[in-house]
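A, B, C and D are the chain letters, set down in written order, and residue numbers restart from 1 in every chain.
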């Protein structure tokens, strides 16, 4: 029996946090990855159809994203995502239609109601911070949020994501430095897909692991296979525990790959070989996880197809909703510059 | 005999670059330190007399400065100093009167002819880069200069100095990163005096050694007792050799102390104990070096006094020259905004 | 009613407001035991402790960014100090692209109630990099408030007003006025509304529009020329963004002549904008060219004493410009 | 004579100048094998190799700073690319306090012959952070040249001129014009002088002053209203700092009416300065308020198509403003 098989396998390993995940939780992780993937793929289709001017993709990054989300408390912990975090924000409570409305610049998207480009997520209720395009800025901002939690005396954790290329920015350095100095409940996840658009890792930095930079700040550095969702879960679990218990900050480096071009405007054939891309497609994090779930008897081919169908239906419905949504009224353009002024009377 | 004593001492140690220094060279190091100190002390006097509105001091930092200068080729290597580098720039070829003219805002100072505050050194002929006040900016600029040398195919070395507090700036991170990526002939000297004005090291960063940050950039990190001029020489010698031979960049951390307030505007009693200051005064780098020189028989009390008198005379003369120098003409204010425009004729 | 100088008014108000509102936190370089290099926070660390008065790493980008991050939580109302306005530029990206655009880009879901204090201005032997007037850069940015109070009364009133806003406020303090300018500061809880100019002198002959240290010089100049029979409105803008257009236009429509005076270099500056407003909206009332008086268009104040003197505005230069405009 | 669009003119000129002058080096994000995200450097890496076309870490501060450091040696003439002007702000401190002030603070001993290229402007579905017009911030800075050529001819001529200068030049390229605007580009070695505006249309009724994409719209608008009998001078500023005051004043003195048009938000912007110059130096010639036409004073172009449309200027809006001003 599947469960028995899993148990025995487990007992041979040392105890890992992911071992404690129930079958349901494992399936939930899987479903999150599939949903993220399907919304992402649909965005590409809509872009290629000419309906969406721009898409930037998280395909290949889903494992670290949904694993991290599973270790957090949505709406309680603070999360500063980056533009590839589609699967992450969905796992934290945002809806496919939120992304797709953003994709089309339609009204009703909680991120920015059509003001920002797609994938610039924000959701104040879910404590998902707002993404701007200049990369790296969110790292020291997240440090400030973590400091606020600490000073306030809560056990909230702040998580911030960025790409490995963006760690070259001064913002990264300064944010990590604050995290070290104040021993903050702060986790910086670097999704290392080995390129900053076309620039390969070795032209971005002279270290093998971004996580090696942690030592410069007195924070913990952890490297993980970013395509192995359970390994990601384990590492994030450790980082969250450290943060929650006042033990300080962690820099998590998830090694992964973006199998798509940088964005719908990019042509990645100019800077990397098809062979390299194909190699990584064989390490697709969803495929890898399916294999584990099949092995453990948690997933069957029927169930897999069922989940696929469910996800596609979710996306179909979201797409329809997004397409049928109105554009924001043009009067929106001049709104929300400042909050209301108090009714001051000069003394 | 003195020389014999030294030789025998030497043979007991493993070979150090400073062992190769002749007595003359050692005395030259000593004289450089003394001259820097005397010019600095005189600047304090002129400030306290109300003749100079501002002074910022390098007292206590002389050892690393003159040692570093001794490993470089003035006018060939590129040097980006910081505001405490009085002894350094003197050792690289600037003159006491250059500093003192700057102190008084008088004409004829090569640094800025009275435009900048004192101690903002510059000397294009000597390849001493111009200091601005915002700290840290010179680090990535220096990386660019080192890159130019490398691309040009020369064996010039670029040295840049800053305080430990200034390593918190993003500029530091970005500059070191370039140095690592391009394996530049670049040496960053951090003069770690343990405070950024009033802010102690532990509030600036969570690491014990600034040099530990080198690892984040794939460059070499070296810590040295910044008050031990020969140890500084050894470390700098190694760093310069690496740079000169295309082996890449080094981050040198010289641990030292500023025994004066941050500047003439500061009152350091508000943030550190007299006991701490007194402790460090007993480790005065000039005193420590004198002890070595006395032990080795290179310095005698007579010679010490002779050097003192020489330095004071140099300073007296420079002070007189500076005081007698005119102020820059007020027309200077609107000059040197742009170079001449080519005489273009539109097609 | 106590007589205070600007720095005392600032420090006293910071203390009073911190006593009242536990959400206020101050961060910056040397704001702790040292009490700030200008002593704006003197005694506050001793009174409020290291959880509310936080000495930071030497890194303005992250001083502002962590302020943004704290403000976003709603738990705190951070007041961050930039030691000299000259050093605000490492944080420029954070101020422009994050603080100022947060509300707009999230449709008000996220706001950044953050105060950034920055001593600015010359005349204190600070040379190029401790004397800069930097307000023009920020006055261009939608989503920011930019204020430049220059009397003890206004410092208290505008700091209190800024604390009531839910948006980022750049609070510029002319450092030469810290100890130079003294005045009465009432004990009660008044505010000076942000966005409202003050009329410092009244007269029908011309309008002088200024702020900061230059405004004090303009008042002195107005008193000088008043003795010669030239009577001027002297407007202290106090808020740089948003400008008090009504105050400017009402006065210029009355006098027909405008002289705009500030210490910042002129090209694409606050005086450009004031001139543009007048040229567009008071055109029919104008009797003379819209005139500007500023230091030359150079990077900043030189260090050397005679050059610094030649650079800075003073009552004499302003009085002369007023006479010429009045005579037009 | 070849017909090219703006990006082709740029790329061709870069190539030709690099062939001629071995000191030219290009650095930036994705400028190498990728050829730049807008293809400005396409083929150059292949032709000149990785020592002259250098892909950099993703860090604008140091892209500019290393450019400064290379320029200071005199060995090289760096052209650095900022991928989008929106992302220039991490480098703001380096541009302002280092590049622009180096010559002044060293009395000409050190100079920074550096060109910083930056695609700017909206209308390309870039939303808030890929559409910004950022020239106002830089136009305020003494020591910088700021140019914004918007025709293939000018791009070649002004890039060549910039390469001859010994001071930092910010070279802004409106990204919407990259493929939209086409024109003749002579093969010979002409320059278009920096600091000189161009007269794109001639007429006595009013003066339209503009630059960038808006200038092309202004020309179209001028053609529309010309058919209605309204004849306008259309001035393409081309250089933002220093402004061509003579061109502005001569035209306004002739027409008596000025309409200043740009895509940047208006408060403390280039149009403020142009208005201030006119209000001070052409006052006696004015027949109408100095008028500005810009998008609203909001952070930048919204992404949503109808909002982007509403934001952007176009010939219709400009023609309407011209009619109103002509009728004044």
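Here is the rule we go by: a residue touches a chain if its C-beta (ideal position, glycine included) is under 8 Å from a C-beta of that chain, and two chains touch if they have at least 3 such contacts.
Values in this document were obtained by computation on a predicted structure and should not be read as measured data.
S.K.: If you tally contacting C-beta pairs, which comes out ahead, B-C or A-C? Let me know.
M.R.: Result: the pair with more contacts is A-C.
S.K.: Give the label of the chain whose average Cα location is farthest from that of subunit C.
M.R.: Of all the other chains, the one whose centre lies farthest from subunit C is A.
S.K.: Can you compute the centre-to-centre distance for subunit B and subunit D, using the mean CA position of each chain? Integer Å is fine.
M.R.: Inter-chain centre distance comes to 41 Å.
S.K.: So the centre of each chain is just the mean of its C-alpha atoms; given that, what is the distance between subunit C and subunit D in Å?
M.R.: Centres of subunit C and subunit D (C-alpha means) sit 31 Å apart.
S.K.: With chain centres defined as C-alpha means, what is the inter-centre distance between subunit B and subunit C in Å?
M.R.: 37
S.K.: List, in ascending order, every residue of subunit A touching at least 2 other chains.
M.R.: Subunit A, residues with two or more chain partners: 112, 115-116, 120, 132, 134, 168-171, 174, 177, 181, 203-205, 332, 337.
S.K.: Which positions in subunit D touch two or more other chains at once?
M.R.: 56-57, 59, 61-62, 86, 89-90, 93, 97, 101, 104-105, 128-129, 142-143, 298-299
S.K.: Flag every residue of subunit A that touches subunit D in the complex, lowest number first.
M.R.: Counting only subunit A, the residues touching subunit D are 53-54, 105-106, 112, 114-118, 120, 132-136, 165-166, 168-171, 196-199, 203-205, 265-266, 270-271, 327-328, 330, 332-334, 337.
S.K.: Any idea which subunit A residues touch subunit B in the complex?
M.R.: 168-174, 177, 180-181, 183, 202-207, 212-213, 215-219
S.K.: Help me check something: in the complex, which residues belonging to subunit A touch subunit C?
M.R.: 78, 110-113, 115-116, 120, 122-124, 129-130, 132, 134, 137, 139-149, 151-152, 170-171, 174-175, 177-178, 181, 332, 335-339, 341-342, 344, 346-347
S.K.: For subunit C, which residues are in contact with subunit D within the complex?
M.R.: The touching residues are 86, 89-90, 92-93, 96-97, 100-101, 104-105, 128-129, 136-137, 139-143, 241, 243, 265-273, 275-276, 278-281, 283-284, 286, 288-292, 297-300.
S.K.: Name, in rising order, each residue of subunit C that touches subunit B in their complex.
M.R.: 29-30, 32-35, 37, 55-59, 61-62, 84, 86-87, 89-90, 125-130, 296, 298-299, 302-307, 310-311
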